[in-house]
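Input: structures, listed below.
Both of the next two complexes hold chain A, though its partner changes from chain B to chain C.
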Partner chain A sequence: MTRNRWFISFFVLWNLVAPGHCVHAAVSQVLHLGNGTEPKDLDPQTVTGVPETKIIQSLFEGLVDKDPKSLEPRPGVAESWKVSKDGKVYTFKLRRNAKWSNGDPVTAADFIFSWKRLLDPKTASEYAYQGYYFRGGKNFNTGKTDGSQLGIKSTDPYTLEVTLENPTPYFLSLLYHHSLYPVHQQTVEKYQMRWTRPEHIVSNGAFLLKKWQMNKVIIVERNPTYWDAVNVKLDSVHFHAIEKAETEEKLFQVKKLHATATVPTEKIASWTQNASGVLKRHPYLGTYYYWINVNRPPLNKPQVRKALALAIDREKLVKFVVKGGQAPAESFTPPGTGGFQPQAKLPRDLSRLNEAQALLAQAGFPKGKGFPTIEILYNTSEGHKKIAEAIQQMWSEHLGVKASLYNQEWKVFLDTQHSKNYMISRAGWIADYNDPHTFLELLTTGNGNNHSSWSNLNYDGVLEQVQKEISSKKRLELFQKAEDILLEELPVIPLYIYTRLYLLSPQVQGWYDNVEDIHPLKWVWIQ
Partner chain B sequence: MSELSTAVPSSQGVSLWDDAWARLKKNRLALLAATFLILEVLIFFLAPLIAPHSYEVQDLERTMTGPSWRHWFGTDTLGRDLFARVLYGGRVSLTVGILASMVSAIVGVIYGSISGFLGGRWDNLMMRVVDVLYALPFIFLVIILMVYFGRNFMLLFVALGLTQWLTMARIVRGQVLSLRHKEFIEAATVLGIQRKWIIFRHLIPNTLGPVIVYLTLTVPAVILEEAFLSYLGLGIQAPLASWGTLIKEGVDVMDLAPWMLFFPALFLSATLFSLNFLGDGLRDALDPKGAKD
Partner chain C sequence: MRLTYLLKRLAVMIPVFFFVVTLVFFMIRFAPGGPFSSEKSVSPAILKNLEMKYHMDEPLVRQYLRYLKDLLKGDLGPSFKHANRTVNEIIAEALPVSVELGLLALMWALVIGITSGGLAALKPNSPFDYIPMTFSLLGICFPTFVVGPILVLIFGVWLEWLPVAGWDTWADRVLPSLTLGFAYAAYISRLTRGGLMEMRVQDFIRTARAKGLTETQILTQHALKGGLLPVISYLGPALAGIITGALVTETIFNIPGLGRFFIESAVNRDYTVVMGTALLFFAHLCL
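And now, the complex of A and B:
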């Protein structure tokens, strides 16, 4: 700390004294972002969390990029593309000036390597299902065939032909997802687990990883080899790992952060009244829910799960605990995702409490008698804790069910979820693309992100049908069918639909509100 | 040459404890502190009878309301009665603080006095063990214990106590080193008193002064460490609270609901002050050398 300060003051002095030292820009183009927590890793094919995604999107670039305003796909590494009439074959022309940060050209072979890596059972990627769209992807991932059967090929280094299993209307926007970003083969093979360290990493995005200080900050700097480097305005971006919303808020107030990851719930009201307009609030395609580990008795009984789901007063929860103007979740998919308006199946309030109590009695626990204490796991944060405490109280009051709470730090939390070593766990799912499928596919059997162990062949069947269906009206009907099964079985308890709330400095330009909360840093600058 | 004491030693020896009690009674501040602590302990353990509300029942429509007739200390961010929470929190904090300090005192005093009394090679060996344990970061030790044995309230006492006894052992060892060549110990040795009785009857009572002072410093340290562990999710689990967690919650909203910080902090500081005054008084009272009158 002290040494740092010395260094800075020395630097300032040097700037004042050094003759002929020119001052570049009036405003320093260094963006400081609150990123919530320390990322688990920065490997595009293996990470699953939002904090990781935000950093990876600045380090790597996929075939397509997204328009910062409309989120329409626009050329990224691919300069143009053609789609066959049946919507199943995509031919991408890659730009010749796309380079890796070590100078190598980005070629079709890089994408083939990366996509095979995603699907390779040895990678054990939780997001492997993002590659199931490719013909033969699922078979390869489940070990039925080897990688040679995949519907991906290149006719020359700059042409990539992708054959899909089904015509997928949102395929292009899917390519913006980090799991389908290219990675540099030699680097990955040479350094294995350590390839994402700043000293090893080779990337192709608008920024380069310069420094990774555990639990503190990740610094990325403008990438001079990036094909569109002239349009990148920021010199560097600091992603600060700050778990406490209150700390973030204070740093924002003293102008050490340009944007926070979130806002402390108790402060939302006062920021709303704040006339400066720094509080950003917009709809966000995401659901806050609880995973239920259906292998753990008594949670293996659907009646118990339903009773728990019906005994939560969601309206009270969002109004008095979450407080950000979020909507109570009456379905798992947020209404409006890809034009889908799911029917409300869960009550907003306690109107079906009698049913819940009857169900619990049916399952053999009248008034909660004999019900073992269930554990609610959440990742360390005041906000999650408060929600868990409120739900703990509702269950105890309305059902006589006792719950205990415990929290874990983000990386440990993700591992616990993945190894299914919990009973009930806090979760939030944010759309990877604007289609209900991104939510509903989570619960299919064998999905790497399905942490509930729930498996329902009917449900799987409906989602498979969705994939083959072209008529958008029929697709929506099928989505509703899936929702119906899901909310009858409840391996998840949806709590509320996210509203994106954060503080953003008015100095930040080129940053637009959108439902997926994507802000490509390539287009951002500081005024 | 020093002059002889003017007081004629009474032939009917006064025990160490009688003597201490007589001296403590004269120290008003210490007595006041002791009364306060006893009252506090009583109130906390009768909390279920005293508190008009439960510490866990939430009234989501009345979150963060100020002190009123209904809620004497106001309510917290989930509409729970702060008065009840402060009482129950005091229960947790004091229990953790006192029990963990006791663990540290018992282990530290015995270890330190044995080490100091034996001296020589044994002393060297035993103190190096303490050095090694010092080098272990406390938090790792606690986390390993917690992960290995599960989240358990009792374990918290042990874990916290186990990390606090090291300094205690050193203090006691230093005292014993300076005492063990004193005449009364030599006399005891000559009389053929067993070693363990020399340690327990003659050495330990003479080290009590510094031990008690250090104990009064350990209690607050443990209370604060407990708050830290609870933040990491290893300590007290919600909805139960300790003063540490209440203060932490209060700090987050101190500009909106200052009472959430004020009341737990008030109780914590009053308790720590009392402990210090009482510790001071006890040291004066128990120190056989410090007899001023």
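And now, the complex of A and C:
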């Protein structure tokens, strides 16, 4: 008897304290997400990271929203819009029932304030270039003109007219980017740097910021003043700041998380075998590549660069070294970016090894004779190291080219890359928006992110033409032309296309895989 | 007497403190990169504006003096990375967590360490000695990043007795404090054993034994007092290390403590947070 009672009370106590039992009791509409590192801030105009983006997308709403499945633009704060024939003037009609969380209406003036704020040099936004599409945006941001010259105006509180520098076919999808979300003027001006704290923030999205515990959790709750609140199914979302992938995976295993931000590399194999289908894997708009400093001999010779690019067995690299089901990069732009299917100009395997060896001989280094040792730089990480070692081995084996490896701590690495004080350096680029332009503009002359010192006027010309082109067919042709030049000259050696890998509980509904990895929480619910 | 001693110590501490402030301030500034260097390069105009926002456009000496002035007022400045927080706020939020974790870990360390060390000293060269001492050697050798995940795997994932990570309920405290305490328990156990063994051959112990006391009585009533001295002198630095140096345990169990800021701020070149955490560590060490 006593023993039994002891057991029962233990059991009761157990259920009170044991982990994991709270999540799947009843169907509570509380979503727990692993969200990577601690967000720096939640200010739409100044943040840059992925963890921040995920939270901001639930707190604020821009002019347009995205369809959770097709990612097509759909009405957000704007209920309709018109585009002029030349593709340069957009007129948005704002819905009258869009409200800030303090009850104020969301008007055209809010967008004008926010976009000026993004471009204002005083804001010092790292994403200011997302406003360069507006007429006069760049001049304002670089201090050449004041904000009055901007191509943004309102004819009444609910009509916003936007004039662009160039016809930009992806402008609507750009409006989904957090840097172009509206912010509440009085709140921002009153609280300055501290306006994003839970006690001050005023927002207009489907959810409200309730709690922010550093390195722990950010909790958002359904926003009753949101114009489409009836369609929001989740009561609240907990964004857990979890730095370590292994910890996140364990929390998922014991059902404390509905979705993770990532999967530890060594666990991919076992989750792939897991029949429950919780491992999600889909292509992602990002390329892993090596920068080549084209000023450094012998890398100044295009034949050398091409030989190096052709002597890499990309299929082997992704299968045995990277191991996350990534795709070998046969182009610089990931296939499918903005509907663009670039031609495969780089081999997946060693099928063009003879050509590579011939090119190297042509450049004056038959079988690698007389070729100086080249250096590969990467930021300190086990993963980057393994990749660099594999490439070092492939070059030595197939071309007789010796490469040495060296690593640097992240900020030192950035400094080295920026000052172009390297020969070959590891890099990755993730799309800012779903259009090939986001990848190809990287290599234009004078682009701050072009670390190769490569400059090709022909290439610049093609990308300039793209900016002015309205026909989407012609744009795609121009992108291919740019790819052709790039993969002939090879100031970059593309290695693989990123894959997004994460774990998702089957309980989560209304969540669709897509190349942009966007999952608007407005449409998500728990079954 | 005691007051003059305290005052003397304080008088020594002030110049040392000043030296540490200066050293850390200039060391972190001379490291390559800065708080605003990021993968997407920032245009020179934007960089200039960012630097202005944090007074980084001023000459370094002027920034140093500004920092000293604010420091005297108890203001550690704003964080560069966490834009809407000050360093004071970050420390106020994270320090209590670290102190709690540290004290719990120390408690485990003392309980496990003194018990096993005491047992070993009571019956030297017997299984009571060999088994705990083998474990303590393992404890010293196994780093927390091995012990932590093993404990999580056993008690969190397989047995489902305890949470795998988090910092909300009392159950959340068990595994992390045990993990962190384990390494220290190993040292304490060895120190206890060593200290007690030394006591066993002392004259007053022989007297006690001659009086007919049992070994246990001798140990608890006579030997422990002197034998634990090395343990006590070890506790001071151990506490400073345990509070600011719990980075690994904090990341494994996702605990919002100070150890993470200590390392992350250096990596991010979050100058003010580097200064704040370093000074805090120094203060712990002094006390």
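Keep this in mind: the second predicted complex is superposed on the first by the 320 of 527 C-alpha atoms of A that agree within 3 Å, B and C clash if a C-alpha of one lies under 4 Å from a C-alpha of the other, contacts with A are read in each partner's own complex, and residues count from 1 in each chain.
By definition in this document, a contact is a pair of C-beta atoms (placed from the backbone, for glycine too) under 8 Å apart; a residue touches a chain by one contact, two chains touch by 3 or more.
Please read all numbers here as calculations on a predicted model, not as lab measurements.
In the superposition on chain A, A:348 makes contact with neither chain B nor chain C. After overlaying the two complexes on the shared chain, residue contacts for A:418 are found with chain C alone; chain B is out of touch. When the shared chain is aligned, chain C comes close enough to touch A:196, but chain B does not.
Using the contact criterion defined above for the overlaid structures, shared-chain residue A:177 touches neither chain B nor chain C, since it reaches no partner.
Of the two partner chains, chain C is the only one touched by A:125; chain B is not. Of the two partner chains placed by the overlay, only chain B lies in contact with A:390; chain C stays clear of it.
By the touch criterion defined above, A:40 lies against chain C but remains apart from chain B after alignment on the C-alpha atoms of chain A. In the superposed pair of complexes, A:246 makes contact with chain B and with chain C alike. Of the two partner chains placed by superposition, only chain C is touched by A:214; chain B is not. When chain B and chain C are set side by side, the one touching more residues of chain A is C. Under the contact criterion defined above, the residues of chain A that touch both chain B in one complex and chain C in the other are 246, 409. The residues of chain A lying in touch with chain B in their complex are 246, 264-267, 270, 316, 319-321, 380, 382, 385-386, 388-390, 392-393, 396-397, 404-409. Chain C contributes residues 31-34, 37-43, 45-47, 49-50, 52-53, 78, 81-85, 90, 93-94, 149, 152, 156-157, 160-167, 169-171, 251-257, 260, 267-269 to its touches with chain A in the complex.
Of all the residues in chain B, the ones that touch chain A in their complex are 56-58, 60-61, 63-64, 77-79, 151, 231-233, 237-239, 249, 251-253, 256-257. Of all residues in chain A, only 17-20, 38, 40-41, 43, 46, 48, 121-126, 128, 141-143, 193-197, 213-216, 240-244, 246-247, 250-251, 253-254, 256, 409-412, 414-416, 418, 448-449 touch chain C in the complex they form.
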